[in-house]
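Next come two complexes built around chain A: one with chain B, the other with chain C.
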Partner chain A sequence: MSASFLFSQFMGGLTAAMFLFLIASGLSLIFGVLRVLNFAHGSFYMLGAYIAWQIVQWVTVSFPGHFWLAALGAALGVAILGGVIERCLFRFLYDRAELYQLLFTYALVLILGDAAKFAWGTQQLSVSRPEIMNGGLQVLGATVPYYNLFIILIGPAIALAVWLMLTRSPVGRLVRAAALDREMLSALGANVGWIYTGMFMLSALLAGLAGALVTPIQSIVPGMDVEIIVQAFIVVVIGGLGSFWGTFWGSMLYGQVLSFGILIFPGFSLFSVFALMAVILIIRPWGLFGRPIR
Partner chain B sequence: MVHRQVAAGLLAGFMLSPLAAWAADTIKIGFPMPLSGPTAVYGVPITKGAEMAVADLNAAGGVLGRKLELFSRDSKANADEAVRQARELILKYNVDFLSGTLTSAEAPAVSTIAKENKIVFIASTAKTTQLTAPQNLHPYIFRIASNTLIEGHTGAALMAKWQDVKKVATIAPDYAYGRDAVGAFTEYLKKVRPDIEIVDQQWPRLGEPDFTAFITAQMGKKPDAVFCDVFGGDFATLAKQGAPLGYFKAIENRLIDGGEVATVDLAQALGADYPYGIISDSYDPVVWGEGEPAEHKAYVEKLKKAMNNEYGSGWAIMGYMSIVAISEGIKKAGGTDSDKVAKALLGLTFDTPVGKRTINEKNHETETGEFWSEMVKDPKVPFAVMKKPVYIDPKPYLQ
Partner chain C sequence: MSRLWGRIPWTLVIFLIVLWVPWLGSRYDTFIATQILIYALFALSLNLLLGVTGLVSFGHVAYFGVGAYLCGILTKTLGVPFLIAFPAAGIGAGLFALVFGFFCVRLTKIYFAMLTLAFSQIVWAICFKWNDVTGGDQGLPEVPFPDLDWMAALPGFDHFRIAEKFFFVTLVIVALCVAALRRLGDSPFGRVLTTIRENPERAAFIGVNVRAYELAAFTVAGIFAGFSGALFGIFNRGVFADYVFWSKSADVMIMTILGGMDFFWGPALGAAVITILNQQITAYTEYWPFVLGTILVLLLFGFPGGILGALDSLARRLRNRAGA
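Take a look at the complex of A and B:
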């Protein structure tokens, strides 16, 4: 096995990891702060992809930067939708048992899935790579497509930005307080309801952005929502529920295990990933970076 | 008391009579097909094709003077759901025939219901050889689609023509369809070209969102050509991720895909991102170019109107052919009795917009081949088309 081959395998795993992180970060954020496991997170991701496609159709392709405009529009559009859903529906659920929350988010998955089918039909759709992202970089004899490079860079950038926001800003302090003790915070006069809405919108924004950014390298099909939520969920569990950096390193591990796992067990592409999850759940049931509950 | 009974009887009669008259008048065909979820991409156009065949036949006066009626149902690509609906269609709606089903899980499941109820079932799209394997074969099951054996052997025969190819890799979805088709491919390739070595086999799961690792792993083994069974949206993903990695360039576009990625449906979705130069198949080329039969031209024109789009679909023909087969069976049998129609279908030859098809008496298969061609850029349409669609009859490869 040559070095360039191992390197390209590593870069493939890294790209997969950063994509998963873009999606899983929002899921982890919502669980960490709101304590809700949002199954509809994958639906936001799917809507991001569809909205991006729609904007690309509306804006003429000759317009430079149409793809970036679409990605931005999709992220904002999904964030607004997320805000509306949180204000009108979600906030009545925080005091309910987990089972009801799960049922509700699952219902949302079905509703949003059918809504997308109604709006965009069942055809697979596709968005072309932005032109400046055509081609790739030759590193150590392996080709790394520019677009993959872009994704590899944007993942850590978003991780850093969210982490700084949570730990270094006054808003972040409120958010952390809300995660620890909601009643106390609201007794101290903070508007917890809007903090929750804001966090929910941020999470939807990340999902929408991930959905839009995935369109140049994946086809948009009905069912992509459910497909991704399972993987995102595995990543969040590996990293530790609610731990932001845990999700980051969980994605990294997932990507590399998938990438090198198929070299070792070519016939069982998913085996290594699930084996990893099983092992981690046995050794550290709270995940790599999570804390044991109680 | 008597009055009340008479009134009740009259009321019941009144309520039932339109139903009864309806039942006697039309020939009812149950058509479970996935209309939601990822596989609706195929299910929706196939159902459209069936609806169109019904409309065409009814416009021409029906079959034996009776109108056809299609009972379309969403099977959700789930075998249990397809079975539940097939049962309901038979028991509650008294359908005369069953057709439809998409996946290799649904079709064999519905086949057992057809056997139980002695109702002819024409499977329109599933490719698994299990459907008509000797232990599963019964008088009421027939298949319009091709099968994994035909697909694998035809792919191998095409691959064998490239004399300078010595190292071949395969990539296919990790479930019955992919495993069976690749199995048939390697088995036949070893027979016709013992000098070729299979250097790598990748099995991404169905719906895999990231093929990068599979692609780089395969490129590492430096194959000269690839046999691929990745289809639909998954193929679009593979193509978009493979091109910037230099996957298609490394094998000089010598990729043969047996998963119908030559259909206009997928070509349109991929647009300019299509990996031009690969070879693939389609049941219906739709954009045919030179040598297009007149009846196909007329069919596509009608299809575009029915689907209300610019280029129709390469999948609609499967639904269309299924209904045509049933109607021809009824005509030959002289009635809708399933036992008689089942016998009439054996050895029956029928006309379709893409040519004649004959049902094999022994295995109940149409043994249909597909149209194969290199995929090229066409200045007339904004997507890849078949350079010269050629129908490959699989019979020589099935000996």
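Take a look at the complex of A and C:
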């Protein structure tokens, strides 16, 4: 195996990892605050992809920057949808058992999946890469497309932004307080309801953005929602649910195991990821970066 | 009134009624009845965890799948007779549940749910990828029916095809399993499980080994799920990796909650309602998931106790009004 082959394998894993990170970070964020696994997160991702495609159709390809407009519109559209769902329905389930919250998010998966099928049909859709991203960079004899480089850079950038917001800003302090003790924070005069709505929207925004950004690389198909949620789930379980950097390193690990697992056990790369999750769950059920659960 | 209600041996009554389906109904009715019986057993096994013990297992389909694959591999690939393959499928599923449960019961609440989900996805990945044994994404088609030719000798059975004969096998097995589950729920063991559901800390204080009981419940539920899976693989003429996908765990949970998880018969009722609705609605539209999702939302917001829960509170209200 040559160095350039290994390097391109590594870069492929890194690109996949950064996509997963964009998605999984939203999932982990919601879990950290609401303590619920949001199955509908994959549906938000799928809707992001479809909305981006739709906007590209509307504004036509000749319009400069149409792709970025579509990505922005998809992210905002999905965030608004998430906010509406949280305000109108989900918030009434917070004081109910986890089971009902889990099943509600599953109901969203069913409804949104069919709604997308109804609106956009079942055929594969795709979006072309933005023009400035054509071509690639020659590194160690391997070609890395500019778009992949862009994804590899935007992943950590968003990670850093969210992390700074959560740990260094007054809003972040409120969010962390809401995760620790909702009632006490509410008694202190903070509007906990809107903090939750805001976090739900931020999480949906990340999912919608990831869905829009993935369209130049993957075609949009029904079923991409349940497929991605499983991968995001594995990532957050490996990294530790609710742990932000855990999600980051979890996606890095996932991307590389998937990418190099193909070389070691061809046909079993999917299995190697699940095996990794199983081992981590057995040794550290709370994940690599999570804290033990009371 | 309600004491009399409680004394009726419902398992026997339902068994005797459902027994007549192949004679009185069409072939299609028998087909639907078989499917309902199998799903009812699956949902009832889940409710041993969900309703009785209060454990939210989001990966129950793993044991259904293990049972289905084990029975399918034993009868189709290895040619083992059904009489041996069927118990083996239940025991195999139980062993999986024992091993996975050992790790799961160390966690509680949402973490328990997620670990069970993770294990079920591991089972799915194995079923999906292990081509040599499970057939991978092709699955195991043409799982054989058990040898039921002897049934033709029974009076009134001579004109039945194999599918109707298998209905009787399913009915007898499911009735026995349901009777066992019912007995288990009313036993001291079942009472301890309910105590754990109501208050795990207090259960621990009075000397109950909570984890051991939870693990026992998890294993027993796994065995019965394995039985239902084994029946389903034969009924459906094949076992495919789709059956083990996590969304199936949610589907069986919807059945359980729709019927009412606080009632023994709730999951069975839910299985019947969902199966019949599915058949009716898919005849008109391909958007069955949308309908199911909408039912689920209405259920969660309007009738969290399920159908039996709603009927129960209605009956109580009527009785209060009559009393006043």
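Operating definition for what follows: the second predicted complex is superposed on the first by the 294 of 294 C-alpha atoms of A that agree within 3 Å, B and C clash if a C-alpha of one lies under 4 Å from a C-alpha of the other, contacts with A are read in each partner's own complex, and residues count from 1 in each chain.
Methods note: a residue touches a chain if its C-beta (ideal position, glycine included) is under 8 Å from a C-beta of that chain, and two chains touch if they have at least 3 such contacts.
The structure displayed is predicted, hence computed values, not measured ones.
Undergrad: Thinking of the overlay built on chain A, is A:L241 touched by chain B (first), by chain C (second), by both, or by neither?
TA: After superposing on A, A:L241 lies in contact with chain C but is clear of chain B.
Undergrad: Please indicate which partner A:V214 is in contact with in the superposed arrangement: first for chain B, second for chain C, both, or neither.
TA: So A:V214 only meets chain B here.
Undergrad: If we overlay the two complexes on their shared chain A, which of chain B and chain C does A:G136 touch? Say first, second, both or neither.
TA: Touch status of A:G136: first partner only.
Undergrad: When the two structures are overlaid on chain A, which partner does A:V279 contact: first (chain B), second (chain C), both, or neither?
TA: After superposing on A, A:V279 lies clear of both chain B and chain C.
Undergrad: Give one of first, second, both or neither to describe whether A:Y106 is in contact with chain B, with chain C, with both, or with none.
TA: second
Undergrad: May I ask you to decide whether A:K117 touches chain B, chain C, both, or neither, giving the answer as first, second, both or neither?
TA: It touches chain B and chain C both.
Undergrad: Considering only touches as defined above, state whether A:L93 meets chain B (first), chain C (second), both or neither.
TA: In the superposition, A:L93 contacts chain C only.
Undergrad: Pick one for A:L270: touches chain B only (first), chain C only (second), both, or neither.
TA: A:L270 contacts both chain B and chain C.
Undergrad: Identify the overlap between the chain B-contacting and the chain C-contacting residues of chain A.
TA: 114, 117, 267-268, 270
Undergrad: Touching residues of chain C toward chain A in the complex: what are they?
TA: Of all residues in chain C, those touching chain A are 50, 56, 58, 103, 106-111, 113-115, 117-119, 121-122, 125-126, 128-129, 131, 245-247, 250, 253-254, 257, 287, 289-290, 292-294, 296-297, 300-301, 304.
Undergrad: So in the complex, which bits of chain A are touching chain C?
TA: 35-37, 39, 89, 92-93, 96-100, 102-104, 106-111, 113-115, 117-118, 226, 230, 233-234, 237, 241, 267-268, 270-271, 273-275, 277-278, 281-282, 285-286, 293
Undergrad: Note which residues of chain A are touching chain B in the complex, please.
TA: Those in contact with chain B are residues 1-2, 5, 8-9, 11-13, 15-16, 19, 114, 117, 121-126, 128-129, 134-136, 142-143, 145-148, 214, 216-224, 227-228, 231, 258-259, 262-263, 266-270.
Undergrad: In their shared complex, at which residues does chain B touch chain A?
TA: Those residues of chain B that touch chain A are 35-38, 40-41, 43-44, 174, 200-205, 207-210, 212-217, 219-220, 232-234, 236-237, 240-241, 244-246, 265-266, 268-273.
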